[in-house]
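Read through the structures below before going on.
What follows is a pair of complexes built around subunit A, which joins subunit B in one and subunit C in the other.
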Partner chain A sequence: MAYNSLAYLVVFLVPVFFLYTIVPKRYKWIVLLAASYGFYLMGSGFLVIFLLITTVSIYFCALSLDKVAKNAAAVRKTLPKEEKKAFRQKIDKKKRRIVLLTVLVNILILLVLKYYNFLGGAMDVLLASIGLPKIFPTISRQIQPLGISFYTLQAISYVLDVYHGKYTADRNFGKVALYLVFFPQIVEGPIGRFDLLADQLYEGHAFDWQRTISGIQLILWGLFQKVVIADRADILVGKVCGSFANYSGITVILTMLIYTLQIYTDFAGSIDIVAGSAQLFGVSLSKNFDRPFSSHTVNEFWRRWHITLGTWLRDYVFYPVSISKPIFSLGKFARKHFSTFLAGLVPAFISLFCVWFTNGFWHGAGVKYILYGMYYYVITILGLLFEPLFRRFFEATKIDRKGKGFQVFQVVRTFFLVNVGMLLFRANTIGSFGAMFVSMFSGFNPSVLTDGSLLSLGLDNKDLVVLAVGTLLLWIVGRLHTKGHHLRDELAQKNSFLRWGLSMAMLFVIIIFGAYGYGYVAINPIYGNF
Partner chain B sequence: MQIKNKTILKRCCCVILTLGILFGALKGLSFLVTPRDDTTKAGMYYPDGRGFYSYPQNSIDVFVIGNSDSYCGFSPMELWHNYGFTSYNSGEPEQRATQGLNMLKEILTRHKPKVVLLDLDEIFEGKNTIGNTFSDIFSYEFPIFNYHNRWKTLDLSSAFQETNYTNQKSSIKIGGQHLNSKIKAYTGQNNMKKNSSFVSIPWASKYAMDQMQKLCQENGAAFVLIDVPAAITWTGARHDAAKAYAESKGIPFLDLNTDLDSMGFSWETDTMDAGYHINVVGAAKVTNYLGEYLKQNYSLADHRSDSDYSFWNDNYQIYEQAVQKSSS
Partner chain C sequence: MDELLQILNTLKPGVDFTKETDLVKRGILDSLTIITLVNELKDEFDIEITLLDIVPKNFFSAQTIYDMVKRLQDE
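So, the complex of A and B:
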């Protein structure tokens, strides 16, 4: 059930909201749990078994970790000082084994269900290269539980947080289950954290008129982005990417830009629908986008784009790798044999490689996606390596790196780099990406902007106007947010007619100008495929 | 407390008023965008499948509903020529089951068919979901959701005109059949005999078929399930599932894939795209077989000597010319 479908909005969300509103506070979480599992069963059917396996595994893992820690604390008190260190190491090892087993089991489930064909194919290529027969038959239709990439990361974050003592395990199985399966976020995130989310889901929230209106307004804004802009942009992008050899120059550049617009409005729009849905129940989800195209560097971009994935990778990949014994030893070795500057970078190179490899691999089972991650890795590493050179250059040329001109240059540069990354992400194959990238520079053909060529890309002039106006509105809203305006709160202070009028107007803009229905192919949320 | 009650009352009134305005606006916009003619220019979606609007009211006795299998595999002109039965092909490309239900509802606003044949190729498709079912129900009640794209071409003055169905394209005159004489043989295995795992009919398809049966009963039409020959997409397992459903509901089920020899049908010569769709020659064979079935089981009038239906003979000539043209 797509979040932008009538079935979700009218037939599912409305009754669930009404039921949640009328049920007594202490049972509200049960409504959310039942609705979430109902939503999941409708989307994935019997594959719910994998979600249940993950839920049960992390529940008991966390409880075991707590039990081990509690028993260890009791025993440790009775030990003489000289035995405490060895005992603590023994307990740490035991806890490490428990959490490692749970994490590995869940990663294995994800790898098998999502990546089997890719990994099996890669293994067979390796075996064939050394003269051995293939042993991994290709599965023509790989089954993939809804949201497995998202809820697996959430599950791992829970057990790792308990392992590190960030909080204790929750004894309430229903609460843990609801944290994983909460229906607004199960398909596309945001990737929640137990300590920020679980209590909100469990405690139950009384009906609040203003909060409900605000949630509905956020849903409408999300629908506008997804249905009016993203799904319309897909028509042009699909046509050009599907027969890329026929296009070059400005057409390809424009397609690249429009795809970036598409993926942003598709994902951010879906997240707004999801956040608005959660808000109806008094639940505040983690922010996932923060004006990413105003970023000055790609690192900043990834702190503003898909924020919850970035912070997850930072907390559960980057930091653990950075402070691990092997990296520490490597750093020591590097300091002995390389310059101070390089020695300082070596641990970062390894940690960042792990982050970007995971980022790319998480996005899809294919070399293209790994390359996508490596693209950002190379940019980051080059930035770190050449930083001393850049510093000397700016000192010599007296260019003010904090000056307005340079800031604008940085934003434009980052925008270009991100767009190239998006082209790689969208291209059907690495080869087609290469061909499209080269074709952008193969001919300067600005005449396509005025000779009607653009009208042969699947969108007529009225569609292009809608796309342009939609993008302008998006930019205006973004600028207002940058200047500190909280639009929904400000709208709440205006008179009723204006409030209701604007909301109804937005609803009818979506109904009339949306890219759905006859003549359109329904577009699933891009990140919903993960 | 009084202020709180007043606020609750005010908000309830707001909600009711909003819903009322929303309902009224949706109905009003639906009225504006609903095509007044069964042509592409007037905004009608897939006019070929809706060409029955251009025929005299209550003049068509047999309808075939389904996806592209149906409008490639059934020939209203052959049925007319050999049996004198009037029929129309109300298939749509990639139609899903609930869209077939909506098509039947549209048909019943204009005709009183004696027999409705549903081609079952569409009922197993993955897009027959609960979500799409509700979308289709809403879209039928509020056509603005289907025809909202008409904002690009809508002429408000025509929006208030009476409906006047004028489509006289040859594809309409020959009953909505898609003509293709190309031959691309299917040489693969017989999927009817292949052992394949059990398949189930999606809930959405069952719902649509239940509703179609109910509508037919209410309107005095016989509801028959068929499957036009389809080498790739139809299997023995699908046949079994369809048969089980048909028997449970007391609906006649005619699987044309099980009697290809009687029809003289061959996958070597009678398919245009290696088994996905049948060509015009195959459609003629299928239709003659169906015609015999209809003649034996239903009291359908032979209109060939009825002067009110003489234009069907003209339509048949258009069909013959079109077939010759596509063969050359």
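So, the complex of A and C:
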């Protein structure tokens, strides 16, 4: 059930909201839990078993970790100081075994369900290269429980946080279950954290008129991005990428730009629908986008794009790898044998590799996705390695890196690099990405902008105007946010005629200009496939 | 404190760490600099820094970093 479908918005969300509103406060979380499992069963059926396994495993893992920690704390108090360190190491080892087992079980489930064909195929290639027969038959339709890539990350963050002592285990099984399955975010995030989300879900919120209106406005804004812009852009992108050999030059460049627009409005729009839905129940989800195309570097872009994935990778991959004993020892070794500059970068090289590899692989089972991660890894590493050279160059040329001109250059450069990454992400194969990338620089054909060729790509004049005006509106709203405006809060202060007028206008724009119905194909959210 | 300031000045030359009080928010200490700093602190002060310690409030200023080091030395 896609979040942009009438089935979700009208048949599912509205009744759940009314039920949540009328039941007493202490039962409200049960409504959310039952609705979330209902939503999950409708989307995944018996595959709910995997979600249950994950829920049960993290619930008991966290309780065990807590028990070990509490027992240890009682014993530790009685020990002399010189024995405390050895005792703590012994307890850490015990806790590590528990948490490792749980994390590995959950990663294994994810690997088998999402990556079986890819990993099995890779193993078979290896076996064939040493003359052994293939042992991993390809499954024609791989089973994949709804949102497994998202809820697995939430599950891992919960047990790791309890392991590190960030908070204690929760004894309420229903609360842990709701944290993993909350229906607005199960399909495509944002990836929540237990300490920020669980209490909000559990405590129950009374009806609030202003909050409800604000939630509906956010849903409408998300629908506008998804249905009016992203799904319309998909028509053109699908046509060009489907027969890329027929196109070159400006047509491919335009397709790349429009795909970037599509994936942003698809994902950010869906997240707005998700956040608006959660807001109806008084739940505030973590921010997932923060005007990513105003970034000056690709690193900044990834701090502003899919923020909850970036922070997850930072907290549970980057920092743990960076400060682990082997990396610490390697850093020490490097300090003895290399320059201070290079030695400082050695831990970063390894931990960033882990981050970008995980990022790419998380997005999909294929070499293309791994390359997608490696693309950003190489850019990041080159940036770090050449930084001293850049610094000397700018000092010698007296170019002001903080000047307006240079800032604009940085934003344009980052935008270009991100667009190339998006093309790799969208292309059907690595070969087709290569062909499309090269074709951008061949057959320079500005005449396509005026000779009507663009109208043969699936969108007519009206569609192109809607796409252009929609993008302009998106840009204006982004600029207003940059300048510190909180549009929905400000709208709430206006008279009811303006408030309702704008909301109704947005609804009509979606109904009239949405890419659905005859001649259009309903498009599921891109990130919903992960 | 002098040893700490020396480490910080080597990592980020040109910053007056005695005056800066918002190192994280101002982007002076990003995640890459923080991991280098953490590994330097572990080496220099023989302390165990865990993930629980890598939170913004411990890296606001030279003083908060110093407080964290002292606390971990006492543990």
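Keep this in mind: the second predicted complex is superposed on the first by the 530 of 530 C-alpha atoms of A that agree within 3 Å, B and C clash if a C-alpha of one lies under 4 Å from a C-alpha of the other, contacts with A are read in each partner's own complex, and residues count from 1 in each chain.
One rule holds for everything that comes next: contacts are C-beta pairs under 8 Å (C-beta built on N, C-alpha and C of every residue); 3 or more make two chains touch, one makes a residue touch a chain.
Since the structure is predicted, the reported quantities are computational estimates derived from the model, not experimental observations.
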Would subunit B and subunit C fit next to each other on subunit A once aligned, or clash? fit
Partner chain(s) touched by A:42 [first = subunit B, second = subunit C, both, neither]: first
Is A:504 touching the first partner subunit B, the second partner subunit C, both, or neither of them? first
Which of the two partners, first being subunit B and second being subunit C, lies in contact with A:1: first, second, both, or neither? first
When the two structures are overlaid on chain A, which partner does A:332 contact: first (subunit B), second (subunit C), both, or neither? second
I want to verify the contact counts: of subunit B and subunit C, which reaches more residues of subunit A? B
If you stack the two complexes on chain A, which partner ends up touching A:135: first (subunit B), second (subunit C), both, or neither? neither
Classify the contacts of A:74 with the two partner chains as first (subunit B alone), second (subunit C alone), both, or neither. neither
With the two complexes superposed on chain A, say which partner A:10 touches: subunit B (first), subunit C (second), both, or neither. first
Mind working out whether A:344 is in touch with subunit B, subunit C, both or neither, as first, second, both or neither? second
Nearest Cα pair across subunit B and subunit C, whole Å: 43
Contact residues common to both interfaces of subunit A (with subunit B and with subunit C): none
Per the touch rule, the subunit B residues reaching subunit A in their complex are 11, 14, 18, 21-22, 25-26, 29, 45, 129-135, 138-139, 144-149, 151-152
Show which residues of subunit C lie in contact with subunit A when the two form their complex. 10-11, 31-32, 35-36, 38-39, 42-43, 49-52, 54
Which residues, counting only subunit A, touch subunit B once they are in their complex? 1-2, 5-8, 10-11, 42, 209, 460, 462, 496, 500, 504, 507-508, 511-514, 516-520
Per the touch rule, the subunit A residues reaching subunit C in their complex are 164-166, 314-315, 318-320, 322-323, 327-328, 331-332, 340, 344, 347-348, 351, 384
